[in-house]
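There are two complexes below, and they share chain A, which is joined by chain B in the first and by chain C in the second.
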Partner chain A sequence: MPTNRIGQSTIVLPGRPRILAGASIAGKKEGEGPLRGDFDQIIEDDLFGEESWEKAESRFQYEAATAAIAKAGLTPAQLDVALGGDLLNQIMAASMAARELHIPFLGLYGACSTMAESLCIASMLVDGGYARHALCTASSHFCTAERQYRFPLEYGCQRPPTAQWTVTGAGSIVVSGDDTRPALCRATHVTIGRIVDMAIKDANNMGAAMAPAAADTLTRHFADTGRSPADYDLILTGDLGRVGHDVLLALMQERGMPLDPTRCTDCGLEIFAPGQDTHCGGSGCGCSAVVLSGHILRRFREGDLRRVLFMATGALLSPTTSQQGESIPGIAHAIALEADA
Partner chain B sequence: MFDKKAKPSPRRQAVLDRYSALVDRLSPRSKMGQGLFRAFVVGGAICTLGQGFIELGLHCLDMTVAAASTFASVMIVLLTAALTGAGVFDKIGQYAGAGAFVPISGFANAMVSPAMEFTREGLVLGLGAKLFTIAGPVLVWGVSASVVYGVIYWLITILG
Partner chain C sequence: MPTNRIGQSTIVLPGRPRILAGASIAGKKEGEGPLRGDFDQIIEDDLFGEESWEKAESRFQYEAATAAIAKAGLTPAQLDVALGGDLLNQIMAASMAARELHIPFLGLYGACSTMAESLCIASMLVDGGYARHALCTASSHFCTAERQYRFPLEYGCQRPPTAQWTVTGAGSIVVSGDDTRPALCRATHVTIGRIVDMAIKDANNMGAAMAPAAADTLTRHFADTGRSPADYDLILTGDLGRVGHDVLLALMQERGMPLDPTRCTDCGLEIFAPGQDTHCGGSGCGCSAVVLSGHILRRFREGDLRRVLFMATGALLSPTTSQQGESIPGIAHAIALEADA
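Let's turn to the complex of A and B:
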């Protein structure tokens, strides 16, 4: 069988699947941040009119998904597969949203890397001819994440300075193989991440846990494709936050592939302003999802970006293994996006 | 890693140590001076308020010293519970750290916040099961420690 692999671990997508549309729905705090103009909707009510945070998060996913499908000029029945995930136990926000969408559904868990994971798989499904149109969705909610991973919301503890703030929001993107439809950009390469664990155990310093995985995926992506950081207008990492971003820059410097800080940024740093008291920036599946489907796709549409490497990172920890003293497995998946020529 | 006795090789350990040093260098630290100052001011203010309640009990409500102390504790717990319910106390905690905690206010907050949070999972298996998630460990080890100290004290008294 012919293979679409190059180098050790990168996949070329010869059909260059089309990103038709993206939609992003964000919460109040995100709506007060620097990217407020890029979101389709800003929801002031944390509960989104529902009776629990979990249902609210699921509704964020559902609304983002239906908005993205509509912007792509499609109906849900035309989607062959929906891929989605979130941070909740048993990814319930994604499953409950899929319950309403009636699209064949694959649930994913990649912690904060979920958006990249779903885009990688959707692009391969479309490129292989296994789906005509595919939907990728990811969400997180500050309130569901706090109660699951940390403390009750109203518990008055102090967040350490390395902590990141879980983004409330959902992003959704439609990937398509239909050549007659206009694309915002096209997916060209996928580099699937492997787990890198450098023995970081501090669940309040997830950037440090994920940065080595990001460096690993980046290094392999450049080696496989023969590209260098200069080949990308923007290298957009997932939610490394301030510490993880600085660590990644230092690691890539050490490896002789320095990243230009003006052309390498992190979704967690983009989404909040320094004055918003989030400490090291945003995190959560929703963070990279809303930054990509809102901000980055807008810049592609305006011709501001030609080639972007989107690499979302995940800290694959659970409260149980953290309490048992396990270190945090980190992961990063990369997908190269190019403007439609 | 599934072998419990296996330690990382010295070379691997050196890589991990170097990474740990890099992370330490790039991670921001808690501001010790600012933290101490805020804890002192807010914690002190809460204690002063408590003293105010004691004085109120003693001089205006005609209470005994013991009753006035209990009155002050009850009032601080009541106030904290109300502020937690109003969504204010978590902000005080974020600002003041241990200053908001060490007086009994911390205990009230640790009880009311799970009560608010887990009611959605039901009164029995939600609220009932999770009410003590934060305060529970303090109670278990606090009571256990007091038993140990009680025994030591008792031994000293019968020997002394």
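Let's turn to the complex of A and C:
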């Protein structure tokens, strides 16, 4: 069989699948941040009119998905497959949203790497002609994540300085193989992440737990493609936050592939302003999902970006692994996006 | 771009990816059942030497994966991607196993449909040349599932007649695009499932909740491919159990596509004998994973089967959705397997 692989672990997409559209719906706090102008909708009510935060998170997914499909000029019935996930046990938000969409559904769990994981798989499926149009969606919600992973909100737990703030929001993107449709950008390369675990056990310092996985994927991506950091206008990690971002810069410096801090940033650093009291920045599947679907795709559309490496990171912990004394496995999937020539 | 799609929602795999090998490791009760001779290993200790059932489940995954890789004549480093999941919150068993394997990892959540979901995605990635060798693994464990989804084991809760028994075990399969290697069988078609929810809320009657999704996928598969039930030696559902299996037969009868009960069975019905007191049969991601990896691949090897439609079903509920009054979304992914010509 022919191969679309280069180097050890990177995939080339000869058909350069098209990113047709993206939509992002964010919560109130995110809507007060520096990217507020890039979101399709800002929802002030953290329940989004639903009875529970979990159902609200699912509604964020559904609304982002239907908005992205509409912006792509499609109807849900034209989508061949929807890929998505979230942080909730049994990816409840994604499953319930997919139930309403009636699109063939592949559920994913990659923690906060989910948006990248879904884009990687969708781009390969579209490139290979296994799907004509594919939908990628991910979400998180501050209130569902806090109560599932940490403490009941009512407890008013104090957050340590290394903590990040789970983003409330969902992002959704349509990937297409239809050559007749205009693209915001195109997917060219995929590097699937390996799990890297440097024995960090602090669930309030996930940036440090994920940074080594980001460095591993980045190193493999550069080695496989022959590219260097300078080949990208922007290297955008998912939600390393301040601590994880600094660890990544240090690790890449050590490996002789220093990243230019003016062309390497993290969705968790972009989404909130320093005065918003989120400590190390944003996190959650929704963080990279809304930053990519809103902010980054807008900059592609305006010609401000030509080539971006989007690499969302995930901390594959669960309350059970933490209680059983396990360290936090990190993962990072990368996808290269390029302006349509 | 070219298309590998036929009909509304089925995918053809022109390269016919090879199933090189499968391995199955099962627990004590499964090892006392009618398929005991088909498992690579039977583990009497439900802790598998670990400190917790969750860690034991992860060890089942790891051992099944390494056994499948070895039986395929490969080393872990030769695998381009591992896809897998389980029922645990944040797919803890799969993540921890992938951490030891060091293979690029795509985490999935499809509840008990996971083995089919992973095979569907892996087969497309291999067919398209995006992976040379791919690994698919899924597991479940009676003790982890009971305490997560239902009641603490110590409580000794009485099980209603519609209940199924979560299988303890893991199955792993290597899918390959390497034309020089002998195949047990080959993947030819994929039909990705849509979520179907007929408003069933009883977590002790998941067969009934999943059967309509199985009927939906099956109907679309036949319509797209022009095939009929008679084209398959065996239509093998995942874990519908006795109630769900009977509902599926009734639904397909209603739709004018009656299934021959001698050539349509369910992994949940095969794995335990009636005298084992499991009520409606087996369930869990591990159920279809061990039956396929062990029993079915052995029958392909022996020439007893020529063409099988493997369709694992998933009930996408969570304890949270149940507590919040939600009904159970069902899903079923189908993959057609054919003997090597």
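Here is the rule we go by: the second predicted complex is superposed on the first by the 341 of 341 C-alpha atoms of A that agree within 3 Å, B and C clash if a C-alpha of one lies under 4 Å from a C-alpha of the other, contacts with A are read in each partner's own complex, and residues count from 1 in each chain.
Convention: a contact is a pair of C-beta atoms (placed from the backbone, for glycine too) under 8 Å apart; a residue touches a chain by one contact, two chains touch by 3 or more.
Because the structure is a prediction, the values reported are computed rather than measured.
When the shared chain is aligned, chain C comes close enough to touch A:N4, but chain B does not.
Look at A:S95: by the touch rule set out above, it reaches chain C but stays clear of chain B. Of the two partner chains placed by superposition, only chain C is touched by A:L316; chain B is not. Judged by the touch definition given at the top, the superposed model places A:M198 against chain B, while chain C stays out of reach.
For chain A, the partner touching the most residues, choosing from chain B and chain C, is C. Touch criterion met: A:G85 reaches chain C, while chain B stays clear of it.
With both structures placed on the common chain, the touch criterion links A:F105 to chain C but leaves chain B unconnected.
In the superposed model, A:Q276 makes contact with neither chain B nor chain C. In the superposed model, A:E51 lies in contact with both chain B and chain C. Residues 51-52 of chain A are contacted both by chain B in one complex and by chain C in the other. The residues of chain A lying in touch with chain B in their complex are 51-52, 147, 151-162, 198-200, 205, 208, 212, 242-243, 246-247, 250-251, 279-280. Contact residues on chain C toward chain A in their complex (touch as defined above): 1-5, 9, 11, 15, 51-52, 54-55, 80-81, 85, 87-92, 95-96, 98-99, 102-111, 117, 120-121, 124-132, 177-179, 190, 192-195, 197, 316-321, 324, 326, 329, 331. In the complex of the two chains, the chain B residues touching chain A come out as 8, 15-16, 19-20, 22-23, 26-31, 84-85, 87, 89-94, 97, 100-101, 106, 109-110, 112-114, 116-118, 120, 133-134.
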